[in-house]
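Here chain A shows up in two complexes: once beside chain B, once beside chain C.
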Partner chain A sequence: MKIKETILEFIKANLIISQNEEMLSDNDNIFELGFVNSLFAMKLLNYLESEFKIVVEPEDMDISNFSTLTNIEAFVKNKL
Partner chain B sequence: MSHLSKQQQELYSEFLKFAKTNVEPYANQWDREECISRKIIDICSEAGYLGGTVPAEYGGQGWDNLTYGIFNEAIGRSSISLSGLFNVHTMIEQTILKWGTEEQKQRWLPFMAKGEILGAFALTEPEAGSDAAGITTEYRLDGDKLILNGKKKWITFGAIADIILVFGKLEGKPVACIVEKNTPGLTVTPVKDMLGFRAGHLAVLQFDNCVVSKENMIGKEGFALNYIALYALEFGRISVAFSALGLLRGCLEICSEHVQKRKTFDKRLIEHGAIRKMIADMGVDYEAAKLLCYNATIAKNNHSPDATEKVMIAKYFTTMAAARHSSNAVQIMGAFGCNESFAVSRYYRDSKTMEIIEGSNEIHQMLLGKSFARQFGKVTKIKDESN
Partner chain C sequence: MEKEFKCIVWDLDNTLWDGTLLENDNLELKEGIREIIIELDSRGILHSIASKNSYEDAMKKLKELNIEQYFVYPQITWDAKSYGIAEIQKELNIAMDTIIFIDDQPFELEEVKSVHPDVTCINACEYINLFVHPRLNPRFITEDSRRRRLMYMEDIKRKEAESCYRGPQEKFLASLDMKFIISEAKEEDLKRAEELTIRTNQLNSTGKTYSYEELEAFRKSQEHKIYVCELTDKYGSYGKIGLALVETREESWLLKLLLMSCRVMSRGVGTILLSYIMKQAKQEGKKLLADFRLTGRNKMMHVTYVFANFKEISNDGEGNIVFENNLSMIQDFPQYIDVQIC
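Right after this comes the complex of A and B.
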């Protein structure tokens, strides 16, 4: 499975509750859409580190890195 | 004990022996005096316990999360107040380790690991607890310095900490900086008369135009609440969950001995059905809580995405069980349970506090309730679609 699809599956499993929200597109900002709560923020961090065997460093803490599917994919690819 | 490796079993025995010798005999006295003694902190430092989870390269023991957990269980069995020290100190160490620069790690971690510098975590304010986004403590940029103003309250070990991780807002963005205790403008006032954690050196911290170096900021602006605080609190929840497990074990040990010795109406207490039920429920919940705690820390060791939820589940269940069964323990012990010279009355007061700290159990209900509904709601939807 490609990186973006893998991340989308994770987001669907952990973030989305209604059918309307499943229409998430690649460039939707999940923070602005109000999809993120504190539990998800930590789960996403753990998920990215464990799934892709990367370490999220202090300098990676830029909101844009985690705001959209496209950006998360780019961030992961850059770390690999 | 099968979940523990041979090394962890040996360490657990060491921790229990340490607590029985150095902590348990003094715990009631510390509680009455509302003060953990400096002597026990020094003894813990010499044993290397203040650096338990710190990697060896920074002078620590390099414990994994489960080992840190069973350490807290052993300490919590004897003194919940003392477990609070390891709770907050480890939160700061782990925060620096994860989000700090190499310079920050070198500057603080080796000294924290040796117990030469004690850390405290300052998020809560008089008007902002569970709703952390409501904090009003403010950092203002002044050249290459930050000017800090605000007030923090109920800060565990804040009265004796050498460094404090202080959360506030800089131009509206959440930030967290290390503030040293001798910073001019910082006033520390001990908080007394607590219900639980009475010996935990709680304090009010008042910051009046404190000058803080920008180099003391941990992580980037804007991430202090969603990542830094939550990352730290996860370690706090591990400590609270396992300490509550230790408290539960303490109730079980004390009550089990009592009900086999004490007689009423020519029968030992254990022969009475009502008493036997209380002991059975206590034991079953101890076993269940232990599995949840072990499961959570193993998930965290593995960097599992669901580790955060599992830690919350362990904290939620174990603290509720501790509160319920410490109440029953007082009932079983009768007058002994109502006297401050016996551990059970201290357990009763401490356990209530544990349902409130590191995310109240109601916050856990909000987050876990939604998470479970999402998780199991999807199963229902798939079934509907197949019909």
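Right after this comes the complex of A and C.
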């Protein structure tokens, strides 16, 4: 599976998406879709680290790396 | 200050009682054990068990002795005790260095020590000293410490309900009837507030502890606000589980401390308190700054800030960070929880 599809599956399974926003486009801001709590944030980082064998360093901790599917994909590719 | 112990894991044969269960039907608790267990329980110290026995037989005996209600997540199996302690640590979500393991067999003490070097291992012959151990004597006994075991028992029911639940997580969370109550700290909250700063490591933005006296000074100060939060659901109250300390300045608010008990980690409520403070700062027309320190244990709190759109404005390279939030993006409270401000 492609990186983006893998991440999308993860988000759909783990984020509580409000208002039946079934469609998540590549550039949708994840934070506007549902309530992004600390638990989801932590799960997402742990998932990226284990799925793609990368390490998210303290200096990577910026919301722009994680705000859309496109950005997460770019972040992961840059780390690989 | 050395951290307080949170849990004592007891062996049974020749530790909690004289003799071995397999060979003897007339076992008696060792002298003073009941008093020790009840006293430490009332101080908010949890008790558990790691024993190589038949689970049914051992629990039956504990019931006969009328003491079984004091133990959470007892591990009575034929597996290595280090394994049982790992289970207890995971279920309670506490750090290994806050656990005492007590056993009469040097082999068992060494086995646990070799796998979990941070666990404090004590020979059973020293049990009487537990009464006066400084790390088992919290400075304040709060309502929350008195109720701690009961709150963990309620948690066991929640976990069972959650593991049986099939369907979207939001529906499950909504089924809990959660209420999250945010209020400005009153004097009677401050003992618990001190206790929270001492006991909380994972969801803690700086790891700094504050004494009752310091907190009382902040509470009286015109330039500070202290918020405390309580979480309740249909199973009961989690108690006072969150704390925030804000310094209110001319142009900005400085969030000096934000913490949440690890017992509510799976409820994602830290973000709610953070959202509330962001809303308040915005309403006052202030910028919001936040002190943060990477302690090696609080990655989840770091993630919480970053995902709430806090940006680093300074970092000394030793883990001390100052964040700023322009308050352009504030998440609404989630629908599955009733947030009350009082």
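One rule holds in what follows: the second predicted complex is superposed on the first by the 74 of 80 C-alpha atoms of A that agree within 3 Å, B and C clash if a C-alpha of one lies under 4 Å from a C-alpha of the other, contacts with A are read in each partner's own complex, and residues count from 1 in each chain.
In the analysis below, a residue touches a chain if its C-beta (ideal position, glycine included) is under 8 Å from a C-beta of that chain, and two chains touch if they have at least 3 such contacts.
Keep in mind it's a predicted model, so treat the numbers as computed, not measured.
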| item | value |
| --- | --- |
| First, second, both or neither for A:50, with chain B first and chain C second | first |
| Chain B or chain C, by number of chain A residues touched | B |
| Which of chain B and chain C A:10 touches, first, second, both or neither | first |
| First (chain B), second (chain C), both or neither touched by A:41 | both |
| Partner chain(s) touched by A:58 [first = chain B, second = chain C, both, neither] | both |
| Overlapping contact positions on chain A, where the chain C interface meets the chain B interface | 14, 16, 36-39, 41-42, 45, 58, 61-63 |
| Touching residues on chain C, where the partner in the complex is chain A | 168-170, 173, 203, 265-272, 294, 299-304, 306-307, 309, 311, 329, 331-336 |
| Residues of chain A touching chain B in the complex | 10, 13-14, 16-17, 36-39, 41-47, 49-51, 58-59, 61-63 |
| Chain C-facing residues of chain A, complex | 14, 16, 18, 31, 34-42, 45, 58, 61-63, 66 |
| Residues on chain B engaged by chain A in the complex (per definition of touch) | 98-101, 218-220, 222-223, 225-227, 230-231, 234, 302-309, 312, 367, 370-371, 373-374, 377-378 |
